[in-house]
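Please find the structures below.
After this come two complexes, each holding subunit A, first together with subunit B and then together with subunit C.
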Partner chain A sequence: MNLAQVLNGLALGALLMILSSGLALIYGLRGVMNFSHGALYMLGAYLAYEVTSQGLSFWLALILAPLGLAIVGAALELGFFRRLQRRSHIEVGLVTFGIALVIDRLIVIVWGDNTLPVRAPKAVDGTTNVFGTDYPTYRLLMIVVAIAMAAALVLWLRNSRVGLHIRAASHDTETSGILGINVDRVSLVVVMLGGALAGLAGTLAAPYFSVSPGMGQSILITVLIVVVVGGIGSVGGAMAAALLLGLVQIMGNVWLPSVAVLVPYALLIVVLLWRPTGLAGKRV
Partner chain B sequence: MTPLLEIDDIYASYGGALVLDGVSLSVDEGETVGLIGRNGAGKSTTLLSIYGVPTVRGEIRVSGKALGKRQYEPASRGVSLVPQGKRIYPNLTVEENIMLGRASGRKGAWTVARLKELFPNLARASGRPGNQLSGGEQQMLAIARALMAEPQVLLLDEPTEGLAPVIIDELIDALRVIQEAGTALVLVEQHIRMVQQLATRFVALGKGRVVTQGAVGDLETRAVQQLVAL
Partner chain C sequence: MSVRIKVFAALAALLVSGGLAACGSSSNDSSGGSSTSSSSSSSAKSDGKPLKIGLIPPSSGALAVFGTDELKGWQVAADEANAAGGVDGHKVVLVKSATDGQPATTIRAARKLATQDSAKFIGAIMTSPEHAALSKQLPAIGALNFNSTGKDDGLIGADCSPDAFRSVTGSAMDVNAIADSLSKLPAKTWAIQAVDYSTGHSAAAAFTAAAKKAGKTVVLTQYAPLNTSDFGSYISKLKSAKADGLFAVEYGADGVAFVNQGVQFKLFDQYKTVLGFNMVSEPLFKTLGKKITGFYNNVGYDVDADNPLNKQFVAEYKKANGVDPYYVPADTYMAAQILFAAVKKAGSVDPDKVKAALKGLSVPDLSGQNISVGADGQALRPSYVGQVVAKAGGPGGLGFKIVSTTPASKTHPSDSPDCKM
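Moving on, here comes the complex of A and B:
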């Protein structure tokens, strides 16, 4: 495996990291596996396409798409998660699945079902020499932005007041409420943040993979696996698992291309057998 | 004078059967009330009703004003709970657990420094995660966390459960300091001795109803002991 391949693994891992940490946060607060997370990511990518195809800067898309997805997140929380919080996980999970289907359809209606290109901004469109290997500058940027985002998220969760409330509420909602934490408000913050992170991931991915309907579904499975491998509900675990999966996936692509699609599942099985509660291993 | 906390004829259930069948309890400013009764009598449910944990019918008032349905409201109005089983967050440090008390948004005289003075064990354990504490330390932490919310009335649900006698003595000393600070207490206890040492009044529950109540001195009388049958 050469350096470029390792970096590709990192780029994939970095995307998975932003997506899975949002998913893990939402799971922690609302106890729901958000099956629409892939659709939110895809919507982010399409918003990035829309912004850039209007002739506006990609950098602007990097701000607008997450903002737009934060609003979609707020709608999800207020319209569904909050109202359905006493329903079973299966029921709410099915609802999010339905939401994903609706978003998928809307995207096809608005943008059609062709693959659409998104150009990386000029400044990062070339290649950069990394230890003697020429590597696309945009992908380096992607890795840097995603890892910086993940680090900022961890620091914020560790050190801010809201972060403390999030960590408490995702461990034990009832006790948090008794202590005076407004769990609904914390949850709104978390779902909006999860949406924004999905939007950011989609925007970052757009110039790399191009945008097409179906990009949401295909990444969703991988993200779900990352969250389970990381230890359901654990943000740190999800981040570690995302990087691991990114690297293992690329190794699979290089060495066993004919079965590489099975790599995430293989990793899932290995981790679940070896450590049933996932890498972070705190909760089942 | 309006009582600080009034639980007025409440009925509570966890989905199915009625667990509280018309319970009333009122607490005045600065006083300590012992809430006693056998296992399953409904003591914890009475306290948890204030936070809407079971389904509750009937009114609960704080300083004369009815509580709404929001779970975070009692804490913000000066009613804090030290729950049975302590409910310390194992994933958070001692310091972080204490800071959660600030979620009530109330201002007052309790600071982390003062709480560590009250509970020296916590000062020593300060950076450790909640799951690395002894039972006694967890109990002190649960009380410190509740005090950080600056309550006017502190509800303690079996704070001595599972603690060694020496630790219980430390706990009694700490509770005296809290009383002297003017905080009212509701003390749920199986240990009659605790109620006798700290409370002026007791309310006894049996099968979801108040079976008897009176001055703590009455706890010695045989009639009361039979009713309460601890």
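Moving on, here comes the complex of A and C:
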């Protein structure tokens, strides 16, 4: 496998890393498998399309789309997750599935069925020579953004007061509440952050994949596998699993193309047989 | 908040989501609002019966936009015919229904149109699975189906029906046209990137055989699963292969992603020829933009064909819709022309008489030639290969320049042996 293929694996892993971090955070705190996460990612991509099609900068979209999705996240938390927190996980999961259908349909109503283009900014639209290999600069940007996001998120979770509260609440919500942590406020922050990360991933994916209805559904299964392989609720585990899956998927495409589509599922089975709680277990 | 209120909130959320999702699938039940339309009245000079055509396009999902364009093709044909006093005196009436693209929904709609609305001629059904499923039901409902979009070869093979006719060229015909054009294209060594689906495999096999026959070499053949969004690994392999031509069989969103990512990798710079199969077409020109200039692709319809019938169709279509037609409305218009010609020859709107009249029928085609309908129901129309060029007024400023025309005698020399009626 040459350097270009390793970079392909890292680029795919980078996108999955951003997307799965938000999903893992929400699950860790609320115990909800948010099936609308793929739809939020798609909404982020469409918002990026809308911003750039208005003649505004892609860099601005990279800020506005996550902000917009953070607001959607707040609406989800206040409108659904908080109100349904004592319901069974299956019921809440079904509600998030319904939310995904609503968002999917609204997107088609507003933007139509066609695949839409989003151009990468000129500064990153060409190729960069990486140790003798010409590689798309935009994909390198995705890798850099994902690494920066991962570092910032880990530092914030480990060193800030809010991060401490999130980690505490993710371990035991009730005890955290008894000890004075405002779990509702922490949860609001986490769901908004999860939405923002989905928006960031969608914006980054827009020039990478183009924007089309169904893009959320197609990636959701992979992201769910990443979160389970990483250890449900573990942000660090999800990040590691995302990179692992990206690399393994590309290896499958290169060496075993006829069965490459099964790679994520094979990885899921192997990891769960080896470590039933995933790579990181319940550690945040 | 009480438990009752929480339950209500959850139910409301599910109901709202379910309700909105249901907007994505519609059917032609009586509540679905079938509507009739015709452009002008005419008195039937024969038996006074109208020529009722039931239309069942997809009204939701990714194919809805093509369904709308099918309706436009039928409408232009109906308006033209009615303005001229109808088809042999029979006023053309379009009875519009809708489907979500599922065969079961489409069959329900067809049954209602044929039995309750007396529309014995069906059109505007989009996908091959819908056509295949409907073919088995046509004798029971006494209707004829005029297919203008379903390209699967099985429809004139194992799934052929004496009650089903097709105006659009089939997949094998298009591949054969591409194979026929190969000797005219400059590349000598080829790489193939195809969707890991039956169409991708059959197109790759036909292309490889044609390349061998033309003295050209295929150095790499690889398949990507349907709905692939990241083509990075496939593109890196293509870049490593020493080929000066690329044959790509990627559809819809997959095709858009492949082209966009290929540009990011500067993949296409290394080729003398990029030849697509159903990869770049007029509906995608705006999305793909000028980066596809110079690409070759199979073309279903030559909008610039210089003959009176095509000029009249283009003018009428543009007057009604404000844009030039492309292959979907054009193939649909031809489905209407074939039906109208058969009704004239039969002197009746009785489906059995129309079916009999289709045998040996000669119909003027938009290509300027006269065409016939084979015993398997396939309209024997020519197939094209075109090159994407800058075109003022075209979608995205682009259009096709036809570089190769292959007659049906070459693309479909005989009926499929699988077709047993």
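Following the convention adopted for this analysis, the second predicted complex is superposed on the first by the 281 of 284 C-alpha atoms of A that agree within 3 Å, B and C clash if a C-alpha of one lies under 4 Å from a C-alpha of the other, contacts with A are read in each partner's own complex, and residues count from 1 in each chain.
The criterion applied here is as follows: a residue touches a chain if its C-beta (ideal position, glycine included) is under 8 Å from a C-beta of that chain, and two chains touch if they have at least 3 such contacts.
Source: prediction; values computed, not measured.
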Partners on subunit A (subunit B, subunit C) - clash or fit: fit
Touched partner set for A:253, first subunit B, second subunit C, both or neither: second
Partner chain(s) touched by A:49 [first = subunit B, second = subunit C, both, neither]: neither
Superposition-derived comparison: subunit B or subunit C, residues of subunit A touched: C
First (subunit B), second (subunit C), both or neither touched by A:164: first
Which of subunit B and subunit C A:115 touches, first, second, both or neither: second
Which of subunit B and subunit C A:183 touches, first, second, both or neither: first
Angle at the Cα centre of subunit A, taken between the Cα centres of subunit B and subunit C once the superposition is applied, in steps of 10 degrees: 150
Touching partner for A:58 - first (subunit B), second (subunit C), both, neither: neither
Partner chain in contact with A:175 - subunit B first, subunit C second, else both or neither: first
Superposed arrangement (fit on chain A Cα atoms) - minimum subunit B/subunit C Cα distance in Å: 12
Residues of subunit C defined as touching subunit A within the complex: 1, 6, 9-10, 13-14, 16-18, 20-21, 23-24, 61-65, 196, 222-225, 227, 229-230, 232-234, 236-237, 239-240, 252-253, 256-257, 260-261, 264-266, 283-284, 287-289
Complex interface listing, subunit B residues touching subunit A: 51, 53, 70-72, 74-76, 80-81, 83, 87, 89-92, 96, 99-105, 145, 149
Subunit C-touching residues of subunit A, taken from the complex the two chains share: 2, 4-5, 8-9, 11-12, 80, 83-84, 86-87, 91, 94-95, 97-99, 101-102, 104-106, 108, 112-117, 120, 125, 127, 134-136, 138-139, 207-210, 212-215, 218-219, 250, 253-254, 257-258, 260-261
Residues on subunit A engaged by subunit B in the complex (per definition of touch): 161, 164-165, 167-168, 171-172, 174-183, 282
